[in-house]
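Naming follows writing order (A, B, C and D), and every chain is counted from residue 1.
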Amino acid sequence: MSINSFGHLFRVTTWGESHGPALGATVDGCPPGVPVDAAMIQHWLDRRKPGQNKYTTQRREADEVRILSGVFEGQTTGTPVQLMIENTDQRSKDYGDIMDKFRPGHADITYWQKYGIRDYRGGGRSSARETASRVAAGGLAREAIRALAPDVQINGYMTRMGAHEIDRSRFDWDQIEQNPFWAPDAQAASDWAEYLDDLRKSGSSVGAVIEVVARGVPAGLGAPVYGKLDTDLAAAMMSINAVKGVEIGEGMSAAMLTGELNADEIFMGNDGKPSYSSNHAGGILGGISTGQDIVVRFAVKPTSSILKTRKTITKAGAETEIITKGRHDPCVGIRAVPVGEAMMACVILDHMLLHRGQVGGQIGENRGQIG
Amino acid sequence: MSINSFGHLFRVTTWGESHGPALGATVDGCPPGVPVDAAMIQHWLDRRKPGQNKYTTQRREADEVRILSGVFEGQTTGTPVQLMIENTDQRSKDYGDIMDKFRPGHADITYWQKYGIRDYRGGGRSSARETASRVAAGGLAREAIRALAPDVQINGYMTRMGAHEIDRSRFDWDQIEQNPFWAPDAQAASDWAEYLDDLRKSGSSVGAVIEVVARGVPAGLGAPVYGKLDTDLAAAMMSINAVKGVEIGEGMSAAMLTGELNADEIFMGNDGKPSYSSNHAGGILGGISTGQDIVVRFAVKPTSSILKTRKTITKAGAETEIITKGRHDPCVGIRAVPVGEAMMACVILDHMLLHRGQVGGQIGENRGQIG
Amino acid sequence: MSINSFGHLFRVTTWGESHGPALGATVDGCPPGVPVDAAMIQHWLDRRKPGQNKYTTQRREADEVRILSGVFEGQTTGTPVQLMIENTDQRSKDYGDIMDKFRPGHADITYWQKYGIRDYRGGGRSSARETASRVAAGGLAREAIRALAPDVQINGYMTRMGAHEIDRSRFDWDQIEQNPFWAPDAQAASDWAEYLDDLRKSGSSVGAVIEVVARGVPAGLGAPVYGKLDTDLAAAMMSINAVKGVEIGEGMSAAMLTGELNADEIFMGNDGKPSYSSNHAGGILGGISTGQDIVVRFAVKPTSSILKTRKTITKAGAETEIITKGRHDPCVGIRAVPVGEAMMACVILDHMLLHRGQVGGQIGENRGQIG
Amino acid sequence: MSINSFGHLFRVTTWGESHGPALGATVDGCPPGVPVDAAMIQHWLDRRKPGQNKYTTQRREADEVRILSGVFEGQTTGTPVQLMIENTDQRSKDYGDIMDKFRPGHADITYWQKYGIRDYRGGGRSSARETASRVAAGGLAREAIRALAPDVQINGYMTRMGAHEIDRSRFDWDQIEQNPFWAPDAQAASDWAEYLDDLRKSGSSVGAVIEVVARGVPAGLGAPVYGKLDTDLAAAMMSINAVKGVEIGEGMSAAMLTGELNADEIFMGNDGKPSYSSNHAGGILGGISTGQDIVVRFAVKPTSSILKTRKTITKAGAETEIITKGRHDPCVGIRAVPVGEAMMACVILDHMLLHRGQVGGQIGENRGQIG
């Protein structure tokens, strides 16, 4: 019931504050025999690293991960894996303003009310920096998935920035790594660049929608009725800083459909497995994977730290104004893409382990045969 | 790690199938000394009961709840409360069709693939009937909340049916109980009645959006970073049958806002507590309640059981067609309203208990003072 | 984190009070496809049933178990199994004495202090009657083990009653079912009969030591370092009413040995598997099963309800005396034998599922080969 | 369900191997506002540190603890506390022998069988070095207890070394810190010194019994029926390396008593609280604390690493012999004393938090009044 942990059998506990000595992830339940080293985890962390372009925070952290336990001679041993990232860019600066004033849209006020003490430096525990720990854990999850179910592919991308959505007819997997926004649509990326540049200069920020897709996930994963695959994905995504909505498949728009439009018809595929006419379900029926793509979408609110004057109060209860200077992302959603992927990887791996625990068999093997 | 349980300290395990002898909720962790009897739970169950009007399933169940344990002389004792509802309307009928064919949009195929065995009668465990157990548990949670924090009020209502949304300018709390759709807008209710009647006659179905609001919840509830109040609410709502999306406050639309529009400004209220200019946050910042209304919204997909011929396959892998006769809701979202309220009540109570465990003090009392 | 639950993947929640309408076990995580019906569970319950001879309580309960969910057409479906036992012999009687006075050695006083309310009738939740729920769940666990690992055998027996121990040189598995004490030593059984008869007539009671052995358990089960097989067994046994000590293998006597006497030497057996010179370890090294017999022992204190006058206090804080009339076991340890077996079965099954979840492979298959 | 974690609300996850870069404890759920710094944790670690006298291992580790998170300006913040200890004395040496041969009485063989890979250096994860993490976490728990319930005192001591027990009539709390064995009996300490010196020279080892007592614990702690205080203590102690038996109060000897001897009679004390004639119960009735001393005892088996030739097998399945050279404790029980204390502290604190979560009120306050 650890509140800083998630997962059933692949269990990740993140720890650390934005400006403390270090942060990291304690991962319990990684299967033994998974080939992994620090460089493999580092690969995923580098994708999230700040300061890579003008659209993300200029905080410059090496974000170098060390594996302190659970790996021996290049393989996991089945014991806890400790992934530590030292904080190296904790600029000495005057925190007076945010020490006493609560930034609107931030967790400053609620942490204070709840705990009566908070590490205000950089947002402390509530900083988006916590997501570095998630990405490290997700990197480990990906390596375990690679070992257990090599066909699984997990990819995230941005589908909306503010009012501007991608055009699905231009969707191109290969574009995603070609632009700083993880956009699967070159035109959208180009439009967003211009839009965001203006926004950044004006000191404002904007929200985004991220979509994460897992392909090649076998049918049968998910633990009804409170450990459903979609339930765990919803929790995983909603737990990311600044996320305000989560959708599976058709998502909120499912409300607008009629039954005959929404329910995906079933056929037999050429591979002898069930095949579907469409994927409104987002690859999940009754909380269990169908074998189709798992499709999750989430909305990230705009960064609340902006160069605009906003009304707020002090700890002493005085009304005042605040303007948040410093290094901030105009669209924090950009860096949420690798975080969403990491959460997807953790949830998928966790359900693979849970499935073989409760139902048995190899990953991808099903008790119930069709045909 | 029970997969049919949810909650940290107020822990609910639901059990039972649609057409088995009974179903219910085993509730562990209800505080002692809460006044409760079967009639008080029954009150909430009756709101969800099928067959109350022509818009909900004609299955007629008494849905009578019995308290088998944990209550003594009209009060909870702190031991597990067993809430049992016997199934009385299990019509003997020919299940041949759904025994062999998988209904599109249903959990039939995935339960089969996962478990290799399923109680196909009425959907078995994946039936919406499972939500009766949730409503019973939620009724108990409400009584505990009433005892611990009498100012808290929890209300759900429907904001959208298919393409038709309520008009927020006509929002009226008093309307909610006046129409069969729990609509806070009399005009919308009237429009929906006509619309749904046509849809029902045509054998189709439609989705809906439900909003649940908790008023009077004290600031400070929520356990960052993986037991956040919004994380647990997202999981709770997504675990309800047919739900495909969950939003907190501004929800998916937060992606469309700029930072200055989204971040709620803070003032001092007349009651000496912080007050906010708006509630885009839905009452939650950094996973912790602010003291504002907690606002959650979720989309329910249209019932997949419709009187329209749909393509599917059989267990033997043959392509075929199916038409689902029987008693079905044209808009299952209607009955999701009391279910959403029940989940809200369980999560709020759970976090009240968790908060006093981890931080101490009475419910509503805060460690961190302002002013 | 349900406090009335135990187990990781095979998760049992017991509920119910001694004199409430019913009690039972909600079992979540039973693997699908296990052949089971009520009669198979009843078989194990009948072994624990009171009133079978003059040495156990004369309360006469049918203790008839009903399966309310999770089983379809004679097999488990992977959904929660609800096992309910109705209380039929709740004699209407005057509880005045135990309502106000706390019986020494009982949970009366601590339940009162903790909860401020208690169902005093027959001890309420703290009654040994709760163990009927455990035996029912254990019966289900046994059937699952039979399906997954048919070589496993679980047997309990009494090794000590008061000052009188069995003679290990007379140990005979076949004797266990031949006497009312589950003694593996016919002579001890005969001696105990005489001894206990005298004790019973005098209105006194006596403690006992129970040993439970699991044979045929494959090597590799156990989840270091806080889900060790011995850790979980210690918790399982200590959670049984009246248990005050738990030992694995050599137990407390391990303190008296030197290293060379204690450490079991290792050989290769004729079956190509490791074999040991002795079993001081009780079949567990580093929290993981070795393939040898799993040996657990626990001490049950004497029944505190005796026909002897004892000093105590009332709820009002007055000093007084109490004599507990009614139907009580002179040696409650006798009926603890099937309970200990049930707990062993639950723990072994749970670790089989956990092992295949975390490490993979079939039950009994090992990742690390020898030879 | 993390298997390297324990505790309900005060949740400790230990990580790290004997010869890896570091080990530590991730502590989630420590209440906010507890004054603590590294030196306060170090104090407790120093008590366990090896190499302090000739009776404990000559491995010389600084065992210096660093607090990496969760503490700000000298107080806990309610976020996870990461306690890290770097391994500094990982002598480069030839591990050839224990890489291929399994040491009798050690976890070498079972870790290999379970995981198919193991860090054999110094026992890896199964090394007693893991207990340093527990002592660090226990140190934090002690500071939290000091803040919440300053009257609580937790002390451990050795009551038996091999055949030699202390004489209870000579019991003296002040002696405990005066000798290297934590013996509360000066004469026993002197006898043990001579005895152990001989044993050490002969290359042998011996077991021990440790008793841990918590004084000043309020009545009412414990969560029946599977989170009982004694259940959690039994699990906590049995999870310590080399422990083979756990007793509460009278322990295994309870089996030898009659009901009238065993049940502690109840009086009213001068402080207006219930008082007991004796403490056979070890301060726990029905799994809930009575307000008396909590008394737990556990047996530690003799170190299996001895300078005596023992028969064993290799990974290849060949029969062979082994003699374990190196730095080993002749009585590992000595260093188990601070470990037992640490586990007691963690369990007591955890139940204080759990109690106020589920039942409410301040620590030590009871819902049920007497008198």
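What we mean here is this: a contact is a pair of C-beta atoms (placed from the backbone, for glycine too) under 8 Å apart; a residue touches a chain by one contact, two chains touch by 3 or more.
Predicted, not measured: the structure shown is a model, and the values here were computed from it.
Chemist: Determine the set of chains touching chain C that also touch chain D.
Modeler: A, B
Chemist: Quick one: how far do you have to rotate chain A to sit on chain D, C-alpha fit, nearest 5 degrees?
Modeler: 180
Chemist: Could you label the chain A-chain B interface same or different, taking same to mean over half of its residue numbers are used by both chains?
Modeler: The interface is built from the same residue numbers on each side, given that over half of them are used by both copies.
Chemist: Just give me the whole-number Å value for how far the CA centre of chain B lies from that of chain C.
Modeler: Result: the chain centres lie 38 Å from each other.
Chemist: Cα centroid separation between chain A and chain B, in whole Å?
Modeler: One centre to the other, that is 26 Å.
Chemist: Need the CA-centroid distance for the pair chain B / chain D, whole Å please.
Modeler: Spacing between the chain centres: roughly 45 Å.
Chemist: Would you give the residues of chain A that are in contact with at least 2 other chains, written as numbers and ranges?
Modeler: 1, 3-5, 8-9, 14, 29, 32-33, 78-79, 114-118, 125, 224, 354, 358-359, 367
Chemist: Provide the residue numbers of chain B that touch chain D in the complex, in ascending order.
Modeler: Residues of chain B touching chain D: 1, 9, 29, 31-33, 78-79, 224, 353-354, 356-360, 362, 367.
Chemist: Can you list the residues on chain C that touch chain B in the complex?
Modeler: These residues of chain C touch chain B: 1-5, 8-9, 11, 13-17, 20-24, 26, 28-29, 32-33, 66, 68-70, 72-73, 75-82, 84, 114-119, 124-125.
Chemist: Quick one: which bits of chain A touch chain B in the complex? Just the residue numbers, please.
Modeler: 1, 3-6, 8, 14, 102-107, 109-118, 125-126, 130, 160-163, 199, 204-209, 219-228, 230-235, 237-239, 241, 244-268, 272, 274, 277, 280-282, 284-290, 297, 299-306, 308, 310-313, 315-319, 333, 354-355, 358-359, 366-371
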